[in-house]
Every structure is written in C-alpha cells, then in structure tokens.
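Structures are listed in the sections that come next.
Here subunit A shows up in two complexes: once beside subunit B, once beside subunit C.
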Partner chain A sequence: MVLAELGSAFLLASLVLVVLSAGAGVVAGRQGDGPLASVARRAFYAAAVGLVGASAVLLVALLSRDFSLAYVFEHSDRSLSLPLTAAAFYGGQEGSLLYWALLLALMGSASIAASAAASIRLTAYANAVLAGIVAFFLVVMVFVASPFSLLPAAPTDGLGLTPLLRDGGMLIHPPFLLAGYSAFAVPFAFAIAALLAGRDDAAWVAHTRRYALVAWGLQSVGLVLGMWWAYHVLGWGGYWGWDPVENAALMPWLATTAYIHSAQVQERRGTLRAWNFGLVIAAFLLSALGTFLVRSGILPSVHSFAVSPLGPWFFGFLSVSIVVSGAALAWRSDRLRSPLAVEPGASREGAFLLQNVLLVALTAAVLWGTVLPLVSGMTGRELVVGAPYYERTATPFLVAVLAVLAVGPLLPWRRVRGGWLRLLRWPLAAAALTLAALVIGGVRQPGALLALPLVAAGLATCVAEYGRGAAFAARLAGPWPLTAVRVAARNRRRYGAYLAHIGMLAVAAGLVGSHAWQQTRQVTLQPGQSVTVGSHTLTYEGIGTRSETDHTALIARVRMGDETLEPGRLTYPSLGGQAVTTAAIRSTPLDDVYVVLAGADGAGAAFTVYVNPLVTWIWVGGALLVAGVLLGNLVRPQPQEERAPAGLGATVAAR
Partner chain B sequence: MTWIAAALLLVLAAPFVLWPVFRREEQAPVPGGEEPSS
Partner chain C sequence: MTTTIPSPTETPTPPPTLRERMGGRGWIKWLVLGAVVAVCVGYLIVSATGSSAEYYQTIPEMRSHPSSGNVRVLGTVQDDVARSDGGLHVRFTAAEGGQSMPVDYRGTVPDIFKPGIQVVVDGRMGSDGVFHARTLEAKCPSRFSSAQSQGSPTG
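So, the complex of A and B:
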C-alpha cells in the first residue's frame, strides 16, 4: 500500500519535472538562454532521480513479494528465484515501460550533461526532445498502465513468470535490447536539435556519432543475446526466425550501421548531410515502430507475451514522431544541401555510399515483409511472408555488403587512379584460394561458394591493414612491441573498426555454415539404441524425472563419445501444465550437436538431432564486433601525429 | 495520498531545479545601484 503510493508519487513528480524540462528546453533553445537551459537540464536530472526512486520501489515490492501490487501478482510468484524475481521488473508490460523510461532518463542525463558546454541551443533542444519522449512514457504509466496499481485484496501468491522467460537469458537479453531501443532516442534527440538549432555541420555528426555508437553497441549485444537465447531455449535448432519482433530490433540496427559509416563521409568530405539526418531519424522511428508492433500484438510473434492494449498509444507516439521529424527535415531542407557531391567512380566514399544503399535497401525489404500483413490486411486479404522470403531477399544484399567490406577499406578517398590489381591483391588472392579449397573439398552449395570466399577476402583486407600498421610501427624509433601498441592506440578508431569487421565476417561465416550444412534427423530410440547424424553417433541411455521448486523436469541421457547430453522437457504445474523444452547442446568451433527431446512414452523417446556447423562463430563474431567498436571509441579521437598510413590505396593514389 | 507525496517530492526538487533562475536574479544589476568594484 505504502509502496504503491510512493511509487506512484515518484512517477507523478517525474512527469511534472519532464514537462517542465521540455518547456524550459524549447524556450531556452529558441532564446539561447543559459540559465533557463540549466533549469531544463536540472529538471531532467531530477526526473531521472524520480524514476530511479520508482524503480527501486518496484524492485522492493517484487523482492518482498508484495502481491497487493497487480504487477507483482501477475509477473512473479513465491517459487521464482530471486534473480528472476528481480528480472520480472522488465518481464511485464508496465515494468518494461518503467525500465525503458529509467534508461532513457539516465542516458539522456549523461548525454545532455556531456554536451551542455558545447552548445546551449543544441543541448536545450535535445533536452526538450528527450524530455518529451520520457513524458510520453510517464503519461502512459501514470494514466493508463501503472506498475503500481493495487489489487482490491492481496493474494497469498502470484501467477508467476511465463515458463519461456524462466531462464538465465532473461537476466541479460531483455535489459540490453530495451537499453538499445531506448538509446536510439538520444542520437535522434540530437539530430532534431541540430535541425532546430541550425547546426548541420560536421561537429554535429561527431557529437551524435558517439551516442549512435552507444545505441548500436547495446542493440548489437541485445540482438546477439536474443539469437543465443532463442537458440538455447526455443528448441528448434535455429537462432533467427524472422519473427516480426526480431525484425523490428534488426531494422534500427541496420539503419544505424549505415549511419556509423556514412557519418565518416560527412566528417571527412562534408557530404551526405540530409542522408545522415535521415538515417538517425529513421533508426529511432524504426525502434518506435518495433515497440508498436510488440505492444499492439498486431502481428503474430514469439514475443506475444508482451502484448497489451497500449497499441494505440504507441501508434500515436509513432505518428507524432514521424510528423515532428518530417517537419524538422522539411524546414531545414535548404541548408542540408551538400556543398560537394560524391565524385563518380571508385573511392572510399563511394564504397561507403554503396554500403549504405545496400543496408537501407535491406532495411526496406525487411520492413516490407514485416508490415505486409498490416498493409495487405487493410485491403481485405492478409498476406504473410516467412523465412524463405527474407532469406531470398536478404542473401544478395548480404553478399554484396561482404564484397564492399572486402574492397572498401583499401580504396583511397576521392578517387582510385589505376593500380587495381596491386590495390586488391590480398583480398583477391584470399578469395581465389578459398574458392579453390571449397571446390576441391566438394562444396557445391552456391551460397557457400559465393559468400565464404568473400569472407576470406574481407579477412585478408583486415589482416593486410593490421600488417601495414605493424610495418609502420617497425619504422618508428623505439622497441617494436611498444611502437606497435602506440600506433594501435593512436589509430584505435580505425583498428577497432577492422576488429569489428573481423567480427562481422565471423558472424557471416557462421550464418553461411549453419545454413548450408545443417543436418537434421528425427528418431525414436529405445535405451541402448544409437543414431548417427553427420560424423556424430549418439546413444540413448535412459530417461528420468527431477522435481524442482516450480517445475518437474523429464530429462533424457544421451551419450556422445565421452560426454553425456541431457535434453529435457520442463512442465510447470502451477502454470496450468505449460511445458518448455531444454535443448542439450555440445559446442565446438567446428559444429554444434543440438538434441531436443520431443517426447517419451512406452515406445521410446523421440528426439530431434541437429548438427549446426559454425554456430559458435556467430557468438564469437558478435563479441568481436562489439569489442572492436568499444575499443575504437571508448575515448575521444586521437591527435593527428603518428597516424598510420591510411591503407595501400593512399599510396597508390599518390602516384 | 499520492498527490501529496508527489507534491512533497517536487518541493524537495525545486531548490535544485530552480537554482539557476534565482542565481540570475541575484546577479542581475540592481537599477540605481552601485557599480561593482573590479
């Protein structure tokens, strides 16, 4: 009772503060009024503190099992472990809204505090946009879906968390993905602010790029963890189902990947201004669309546990965001004309532009597939596309992106002036060797024959660039390891980017390998019987049951070499007998053996066995991708001295 | 109850939030007052 009142009071006070912050921000932005901008910032910080207070109250209510709160009653029960009980904070509708608003308030506070000294008007407008977005979430929580609603009488136990979410993945995947979603609002706020304040120069890009990288990094981690979780929990042998909600998370990531690259063109050459604004704004709008799709339940999805009647609210939010962004872009369209056009012909900026066009086209294809049921439903005949559509559509784009990734880093800015063979000798050699090895090895799948040589070419490009940096370091005074570290540190953005590229190549290899060479068998075995899938022989040894606090587990024992795999089925009596599978997975760098227990009766135990080659590469690649971006951008850009030569292209062009 | 608690929280936050405005008022030159010595 007291907790509910206190939590609601924190939300209400925060709402008043963000409304004040938004109003003061707009006026300060228009007038360039420093003290008023400071009031706007302080009101935003205070609202963030209020949201921390509300979150603390909800956590206390969950951990103290205060079932008088409807949210605690609906999303936890006494059998739930403490970590999962704490995770129920974002496991339901109202709590995830609070979590989202909290993260946005904290990240927004950090970004406006870091930018306050740079420009009063820019930061005041950004502050106003961020406050407006947080205000939307607070309005929803205060007036429509409060996490602090009380039940008429406190039950003795709660309904509990849905079984699929009772997993360790619940502790890491949603926090990152929700953080990624909310983080896209920060570069968006600064983009709109730059438009309103008339700051469309390269300094704006350098500023926003940092926040875009944070959002992109969080979303990358969220996506990879989501794939990993789906792979471990859903028991269908795959990691990406082209589910509408997965697509919704992928689209802003693709748009921001494009922006991270095109921002460099603006920083270096002053072009692509309107394009960059468009990408940052599109990333946010796509994340808002994703939220609308998840919350409205308008599309069938594996994430349907998050469905609620809040769809119209999010639709309204999305519509207002589109109108505001479109109006700001249209208002400043004259100023956004680039002073220089990208020169025709092959060049670094040309490669960036091509990569951007490919990623945006891929985003559009995914968007079309995702919203097709909605659009076609309006005409009376609902059309739905599945994985084959996405795979057919996405594969050519991904292959082309791999080719750009192999060639682009070697091209000089402005224009290549001859010397192509010398420029591209390493990636060409690597691609030719890999193709020959694959053909000799008996590989005949066109996808693998096309993509894996490109992966090798991209890797050769990255290694060649690292080699060039190492050779440069060897020419400097001092012992080589120290000079190499110094050169790497001073050029960390570039070398971090190559590490991220290597990560992306590993992910691509994993995607290709697991698609081209996956093997599956469904068998029913008696104890002692064996099945061979690929080069692996599995022997079924027997089955047993285990009782845990909140479920009973049917666990099979399957021997593979020296190891015992234990696929199982968990049944939750307190949740109406809902059952989930737990796949047993044996991973090596070469392949995963993935065993699912489909059922068991007197006739034996039914298994589905998958052999998934190179899946581990996806997880390792995802980690490298994020590590590369983190290492390259943790601190401010390096000074100009001791820059390593910018690739072979520079020397070729200089002739 | 919620409204009262929210109002109390806002009263607590007010000095922090509005401080820049008070400071501006304090620092504004008083009409007819003396020039501050350098």
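So, the complex of A and C:
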C-alpha cells in the first residue's frame, strides 16, 4: 500500500524533473548558457535518483512478497527463490519499462557528466534529448502501465514465473539485452546534439564512439547470452531461430558494428560525416522499431508478449524519433559534405567502407524479412519468411565480411603501393592451407569450403599483426617483454580490435560448423538399445523419476563411451502440469552431443539427438569479442594518445 | 612518458593530392559501385523472399484460399491429442474461428504443448485432408508476459 504510493510518487517526481531538464537543456543549448546547462544536468541527475528510488521500492515489494501490487502478483510467487524474485523486476512489461528508464537515466547521467566539460552546447542538447526519451518512458509508466498498480484485495500468493524462465540465464540475459537497447539512446542523443549544435567535428566522434562502444558491448553480451540460453534451456538443439524478437536485437548491433568501424575513417580522414550520423541514428531507430514490434505484438512471433495497450505509444515514440532525426539531418545536410572524398580502390578506408556497405545491406535484408508480415498484410494476405530466407540472404554477406576482415587490417590508409602478393602473403597462405586440408579431409559443402579458409585467413592476418608488433618491440631499447607490453598498451585500441576480430572469427567458425555439419536423429529406444549419430554411439540404459519441492523429474540415463548423459523432463504440478525439457549436453571443442528426452511410454523412450559441431567456439568467440573491446577501450585515452604517432616511416608494403 | 614510442605499422597520412583538393572524380566510380551493390542486394532479397516466403493464416483463411505450397497456420489445440512413438509423433485437431483441421506432426513437441494452447504449424494440407506439419511452435500463454518457447528450429 505505502510502497505503491511511494513508488508512484518517485515516478511522478522524476517525470517533472526530466521535463524541466529537457526544457532547460534546449534553451541552454541554443544560448550556450553555462549556468542553465548545469540546471538541466542537475535536474537529470535528480530524476535518475528518483528512478533509483522507484526501482528500490519495486524490488522491496517483490522481495517482501507484497501481492497487493498487481505487478508482484502477476510475476512472482512464494515458491520462487530470492534471486529469481528479484529478476521478476524486469521479467514483465511494466517492470522492464522501469528498468529501461533507470538504465537510461544512469547511463545518460554518466555520459552528460563525462562530456559536460568538453562542450556546453553539445552536452546541453544531448541532455535534452536524453531527458526527452526518459520522459517518454515515465509518461507511459505514470499514465498507462504503472508497475505500482494496486489490486483491489491483496491475494495470499502470486501467479509465479514460467518454468522456462526459472533458470540462471534469466538472471543475466535480459538485463544485458535491455541495457544494450537503452544504451543506443546515448550515442543517438549526442548525434542529434551535434547536429543541433552544428558540431560535426572530432570532439563529436570521440564522445559518440565511446558511448556507441558501450552500447555495442552490452548488446554483444546480451545477444551471446540469449543464444546460450536458447541453446541450453529451450532444448531445440539450436541457438538462433531468426525470430522477430531476435532480429530486433540483432539489427541495431549490426548498424553499430558498422559505425564503430566507419568512425575511424572520420577520425583519420575527416570524411564519411553524414554516413556516420546516419548509422548512429539508424541504430537507435532500429532499437526503437524493435521495441515497438516486440511490445505491440503485431508480428507473429514465438515470443508472445502480453497484449498491451502500449503499441500505439511505442509507435508514436518511433514516429517522433524518425521525424526529429530526419529533420535534424536535413537541416544540417549542407554542413555534412565531406571535405575529402574516399578514393576508390584498395585502401584501409575503402575496406571500412565496403564492410559498412555489407553490414548495412545485411541489416536491410534482416529488416525486410522482419517487417514482411506487416508490409504484405497491408496489401493482401500475410506473408512470412523463416530461417531459409535469412540463411540465403545472410550467407553471402557474411562470407564477404570475412574476406574484408582478412584483408582490411593489412591495407594501408589511402592506397596500396606495390606488392599485393607480399602484403597478403600470410592470409593467402593460411587460406590455401586450410582449403587443401578441408578438401583432403573430405569436406564438400561449398559454404564450409568458402568460409573456413577465410576464417583462417583472418586469423593469420591478426596473428601477423601481433607478430609485427612483437618484432617491433624487440627492436626498442629495454627488455623485450616490457617493451612489448608498452607497445601493446600504447596501441591498445588496435590490438584490442584484433582480439575482437579473433573472437568474431571464432563465432563465424562456430556458425559455419554447426550449420554445415549438424546431424539429427529422432529415435524411440528400449533399454539396452543403441543409436549412432555421426561418430557417436549412445546406449539407452533406463529411466527413473525424482521428486523435488516444486516439480517431479523424469530422467533418462544414456551412456556414451564412459560418460552418462541424463536428459530429463520436469513437470510442475503447481503450474497446471507444465513440462520443461532439460537437454543433456556434452561439449568438446570439436562438437556438442545434445540429447533431448521427448517423452516415454510403453513403446520406449523417445529421444532427439543432435550433434552440433563447433558450437563451443561461438561462446568462446563471444567472450573474446567483448574482452577485446574492453581491453582496447577500458581506459580513457589521453588526448595526445588518441592518434597513434606514425614515426616508423616504413609502409606496410615495403616491409 | 612514453610519447616517443612510435607505432609499429601505421603509415603517415600524406597530404591531399591535387586531384583530391579539386574534389576528385572518385564519386562516379563510387556511384557505379553503389548501384551494383544495391542491385545485387535487391536481387538477393527478392529472390530469397520469392523462394521461401509462406502465407501466414488462420484456419478459416486457409480454407477459403487453398494453397498447394507450404503455409503457416495458427490454431488452438483441441482435446483429442494422441501421442505415439514415445511422444515423437502427435495427432490432434487445431481449431480457430469456428473451423478446424486435423494435424499430424513428427518431431520434438514443445514443452508447453497441451490442449488449449495456440500453436503455429508450418507444412501443407495433404490429399487425405490432414495437415502434415514440418514444424510445430507453441505460442506462450499471455500470462507469462515475457516468456518464450520454441518447439523446433524454424524451417
């Protein structure tokens, strides 16, 4: 009772503060008024504090099992463990809106505080944009979908959480993905601010790039964890289903991947300005579109969300965002002409541009597949596309991106002088060796024969670059390990990026391997019978039941070599007898054996057995990707360090 | 401190050439390249859509627009679910909008599959009047507002 009113009061106070902050930010941005800008900042910080208060209230309500709140009643019950009860904070519609607004307010505050000293007008406008976005979420929470709605009478127990979400993955996957989604607003705010303030220079790139990297890193973690969760918990043998909800998370990630590469072209050559603004804005609009699609339930998806009155609100938000960004871009279009054209042909900037075009084309293909039901539904019968569409369109782009990844880092800026073969000798040799090994090994799938040599070439490129750094360090004065560390630290952005590239290559190898060589068998076995899938023979030994506090488990024992796998089915009587499959997975770097118990009756026990090659590489690669970005960007570079001095004088081709 | 350590590989950026200062004629090549890429991407998207798009229908819509190819149909599972082969083979009636159809499916059945839930089946209507599904996906009950479930890989 008291909690609900306290929470609502926090939300209302935050709303008043962000509206004040947005207004003050716009005026301060127009007039370059320092004191007013600081008023806007402080109002924003205060709103963030209010959102922290509201979130604390909701957590206390959940953990104290205050079922008088509709949200607590609908998303938890007394049997739920404390960590999962806390996770219900973002498990439902209203709570996830609060979580979203909270993260945006915190990240927004951090970015405003970090940039305030650099430029009054830029930061004031960014402050206004961020405050406007937070205001949207607060309006929705205060007037439409409050997490603090009260039930007429407090029930004694809640409805509980679906068993599928009663998993450790639930504690980490949604918070990262929602954090990634909300973080895309920060680079967007600084992009709009730069347009409004007329600042399209290096300061803008330096700020926006860091915030884009934060959003990109969070979204990377969220995507990999989502794949991991789908693979380990949902029990269908795969990790990516090209569902609209997954696509919605992927598209802003792709656009931001393009931006963090093309931003370097602007840093080095001062060109691609309009393009970079477009990418940052597109990433945010795609995340807003994704939110709208996911929350409104207008697309056929296996992730069905509660039918809610929020669809029109998110549509309005998306429309306003599109109009504001379009207007800002059009207004400043004359200032965005690049002073230097990129020369066509082989050069580092050419490779970046090609990679950008490929990623944008891939984003467009995913977007088309995602919105096709809407577009076709407007003109006639509703059409949908499934995984085959995405695999057909995405594969050529991914192969081309792998090729760019292998060649691009070796190309010098501006243009290649001389020796192509010498420049590309390491990746070419690695690709040729891998191709020969695959052919001799009996591989005939064209996709694998094309993609895996390119992965090897990319790896050779990264290793060669590390090797050159190490050799260079050896020529410096001082003991070698020390100079190597100094060279690596000094160029951490570049060496971090190569580590991220290696991670991406491992992910690519995993994707290729698990697609090209996956094997599946569905069998019904009597105890003692065996089945062979690929090179693995599994023997069904028997089945038993176990009783736990909230469920009963049917567990089969399957022997594979000297290991015993135990796929099971859990039944939750308190939730209407709902069953949950627990897949048994035996992972090695080479392949995963993935056993699902489909059911058991008089005819025996039914299993689906998958052999998924190289899936482990995806998880390891994802970790390397994020580690590379963290290592490369964790410490704020000093201004004089931002651009690595080029004193060696030797071109790549000449060495 | 260590500002004198040069970078091992970066080449110095030379000053702009005359052609660049004149604005360059590179944009024509870029325009051609861009057009080629756009055509390729467009072709890829259109051809992939044409070969893999399916109609997404309710049962009454499917009955009024019979189609020989694969379709995806939304329906509610009725009480006549018959499982065999240890659960890897199910037959049931799906109903929606006052019409119904028998469905036959082999494969892993989603955990939450039971009478009363909504399913999306992907397959084709056989000459025997039975819908033969290649995939069967369950839609989650709306009570679990952020729950997800997937019965089998789509496609």
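Observations on the model:
Here is the rule we go by: the second predicted complex is superposed on the first by the 635 of 655 C-alpha atoms of A that agree within 3 Å, B and C clash if a C-alpha of one lies under 4 Å from a C-alpha of the other, contacts with A are read in each partner's own complex, and residues count from 1 in each chain.
Rule of thumb we're sticking to: a contact is a pair of C-beta atoms (placed from the backbone, for glycine too) under 8 Å apart; a residue touches a chain by one contact, two chains touch by 3 or more.
Please read these numbers as outputs of a predicted model, since none were measured by experiment.
Touch criterion not met for A:438: it reaches neither subunit B nor subunit C.
With both complexes superposed, C is the one of subunit B and subunit C in contact with more subunit A residues. In the superposition on chain A, A:598 makes contact with subunit C only, while subunit B stays out of contact range.
By the touch criterion given at the top, residues 74-75, 91-93, 96, 159, 161-162, 164-165, 174, 230, 234-238, 241-243, 245, 268-269, 300, 302-307, 340-344, 357, 361, 364-365, 368-369, 372-373, 376, 381-389, 392-393, 396, 412-414, 465, 468-469, 472-473, 476, 486-487, 490-491, 522, 524, 569, 577-581, 596, 598-601, 603-606, 608, 640-641, 644-652 of subunit A touch subunit C in their complex. The touching residues of subunit A, counted against subunit B in their complex, run 5-6, 8-10, 12-13, 16-17, 20, 34-36, 38-39, 42-43, 46, 49-50, 53. Within the complex formed with subunit A, the residues of subunit B that make contact are 1-3, 5-10, 13, 16-21, 23-24. The part of subunit C that touches subunit A in the complex is made up of residues 2-3, 5-14, 16, 20, 23-24, 26-27, 29-30, 33-34, 37, 41, 44-45, 47-49, 51-57, 61, 65, 72, 74, 83-88, 106-109, 111-112, 114, 120, 122, 137-140, 142-155.
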